[in-house]
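Scrolling down, you'll hit the structures one after another.
Each of the next two complexes has chain A plus one other chain: chain B in the first, chain C in the second.
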Partner chain A sequence: MSERTDLLIAIADDELFLGWRNSEWTGIAPFLEEDVAFSSIAQNEIGHARALYELAAAELGTTADELAFDRTPDEYRCAPLVQLRRLEWARTIARHWLYETADEIRLAALKASDDPDIAGIAAKMDREEAYHRMHAEMWVDRLLSTEEGRARLDEALDELWPYALGVLDDELRPELRRRAEERLGRELPDAEPVSRGAHEAELAGLWEEMTMVRRSAPAGTQW
Partner chain B sequence: MIYEVFRQERKGQPLQHAGTVEAPDERFAEIYAREQYGRRQESVSLWLVPREAVSEIAEFPDEFEMKYRRVDGYSIKARLREARERAGTLEAAPGAGDTE
Partner chain C sequence: MVTVDDVWAALAEIPDPEIPVISLVDLGVIKDVEIEEGRVRIEFTPTFLGCPALEYMQRAMEAKVDELGAKAEVRVVLDDSWSTDKITPEGREKLRVAGFAPPAPREAGKLKLVELQRGGFRCPYCGSTETRLENLFGPTPCRSIRYCDACRQPFEQFKTL
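Now for the complex of A and B:
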């Protein structure tokens, strides 16, 4: 493992877990059009995870599938924000917006990388994430437009803010706070970030489900 | 709000009706149409039209059966056959066995 593969895998894990969590709305989203759109966005995140795993796998002499599914739960490097299971729409939107905003800051930094592969993949991802951001922004506006929506969003933000900070490295966190407070028109809690490396209780359950089919088949099975 | 969605598959082709999306406003409609009609790279352009912006014409009375004004109301086959019979070239003509 190099610093480069650590970085790639951490971001890939974020995208894989968020994609998986968002896909938990498939079939039960608030209405049909949203169901289709949010499922499609979830699939997109998993596509990004695959591209990032492939880049890491090439360096490590393994495959994207092995990186995605053959590690133990403790080995995943995703931010705790994406591990949480919060099947409640305001929290889902709050997480979606917080993650996309943090991701935008992270991608901007990666696009400036000296490593052409990393800069390239970040630029590609950013072009697609732009539509995820549009979706998140639209929902934030929708929630902010009514008193009930604002209250629900605020409650979700209070809970998730320390986790959102944990998506980014120290030096990028102030920028996330600045953007979030400006956009949301409120102060966010002065809390200790829940950083990468910590594992929420829900991670094990998701890992069980995510790897179940693969573990049920003998090693080397061709899909 | 219902939006009618028109989809262009390749540049230069006409936009064709693809279906609808239901959305609270145009911003939602654009996101939903993009995901429903564009995520598989099946479109190069989408048009969204609020259903109420569409004027529909659905009645075409033809009380006197003016068949001669329809494209299919004027059968040329029978006339061709008669002409060929007169000219004595019926057997040689393509489609000579046609009955109409």
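Now for the complex of A and C:
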């Protein structure tokens, strides 16, 4: 493992887990258009995970599938924000907006990387993420437009803010706070970040489900 | 001997698996074709990283080159070289005729939600620009859903990427 593969796998893990969490709305979102939206976002995120795992796998002499599915739960490096199972709409939207905003800050840094493979994938991801961000913005506008929506969003933000900080490295966190406070029109708590490397209880359940099919088949099975 | 032009012509016969009215060449996803000592090298870049048809398209390209009596090496390039501006004028017209509104040209700067929420996007059925955004997302990653207030028809809008 190098610093480069650590970085690629951490981001890929974020995108894979968030993709799975988004896909949990498929079929049960508040209305049909949101079933379509969250399913499509999930497909994009998992596609980003695949591309990043492939880049890491080429260096490590393994495959994207092995990186995605053959590790133990403790070995995943995803930020705790994406591990949480929050099937409540305001929490989903709060997580969506916080993650996409943090991701935009992170992608801007990666696009400037000296490593042409990383810079290239980051730029390609960013084109797709632009639609995720617009979707998140649209929902934040909608929640902020009513008192009840504002109250629910605020409650979700209070809970999730320390997790959002944990998506980014130290030096990028002030930028996330600046953007979030400006956009959401409120102060966010001074909290200790819930950082990468920590494992939430919900991780295990998702891991069970995500790896179930692969674990049920002998190694080397051709699908 | 197979020529580069033969290969481009053969690849132009491969339909996009999700929007079969348009070929891989129309879509602009073939970056480069080279022939070296009888081996055909194709550089190819997916529209979306989450495209589920990557392997299918790779195999289709290999099979086409096989028919020409040569062997192909298809290299998937995951860089930022593709955008919807790479769709050829012929490809855009084929999309429109099939009822997919072609993507608006990509402008410098950030895509903005308000711009997508405005009218101005042309309905592929009746040509009206009295259309509105219904969903940023659609049946495949590359499409949004819009609704035409003039002919009261929902339609698929190729995203600008």
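Everything that follows uses one rule, which is that the second predicted complex is superposed on the first by the 223 of 223 C-alpha atoms of A that agree within 3 Å, B and C clash if a C-alpha of one lies under 4 Å from a C-alpha of the other, contacts with A are read in each partner's own complex, and residues count from 1 in each chain.
Criterion: contacts are C-beta pairs under 8 Å (C-beta built on N, C-alpha and C of every residue); 3 or more make two chains touch, one makes a residue touch a chain.
Model, not experiment: these values are computed from the prediction.
The superposition on chain A brings chain B into a clash with chain C. In the overlay built on the shared chain, the residue A:A151 is in contact with neither chain B nor chain C.
In the superposition on chain A, A:A130 makes contact with chain C only, not with chain B. In the superposition on chain A, A:A204 contacts neither chain B nor chain C.
In the superposed model, A:M138 makes contact with both chain B and chain C.
When the shared chain is aligned, no partner comes close enough to touch A:M212: not chain B, not chain C. Number of chain A residues touched is higher for C, counting chain B against chain C. 33, 36-37, 40-41, 44, 131, 134-135, 138 are the residues of chain A that lie in the contact sets of both chain B and chain C, per the superposition on chain A. Against chain C, the residues of chain A that register as touching in their complex are 33, 36-37, 39-41, 43-48, 50-51, 54-55, 116-117, 120-121, 123-125, 127-128, 130-131, 134-135, 137-138. Across the complex, chain A is touched by residues 48-52, 78-80, 82-83, 110-113, 116, 134-141, 145, 159, 161 of chain C. Residues 21-24, 27-28, 31-32, 34-36, 39 of chain B are the ones touching chain A in the complex.
Listed in rising order, the residues of chain A touching chain B in the complex are 31-34, 36-37, 40-41, 44, 131, 134-135, 138, 142.
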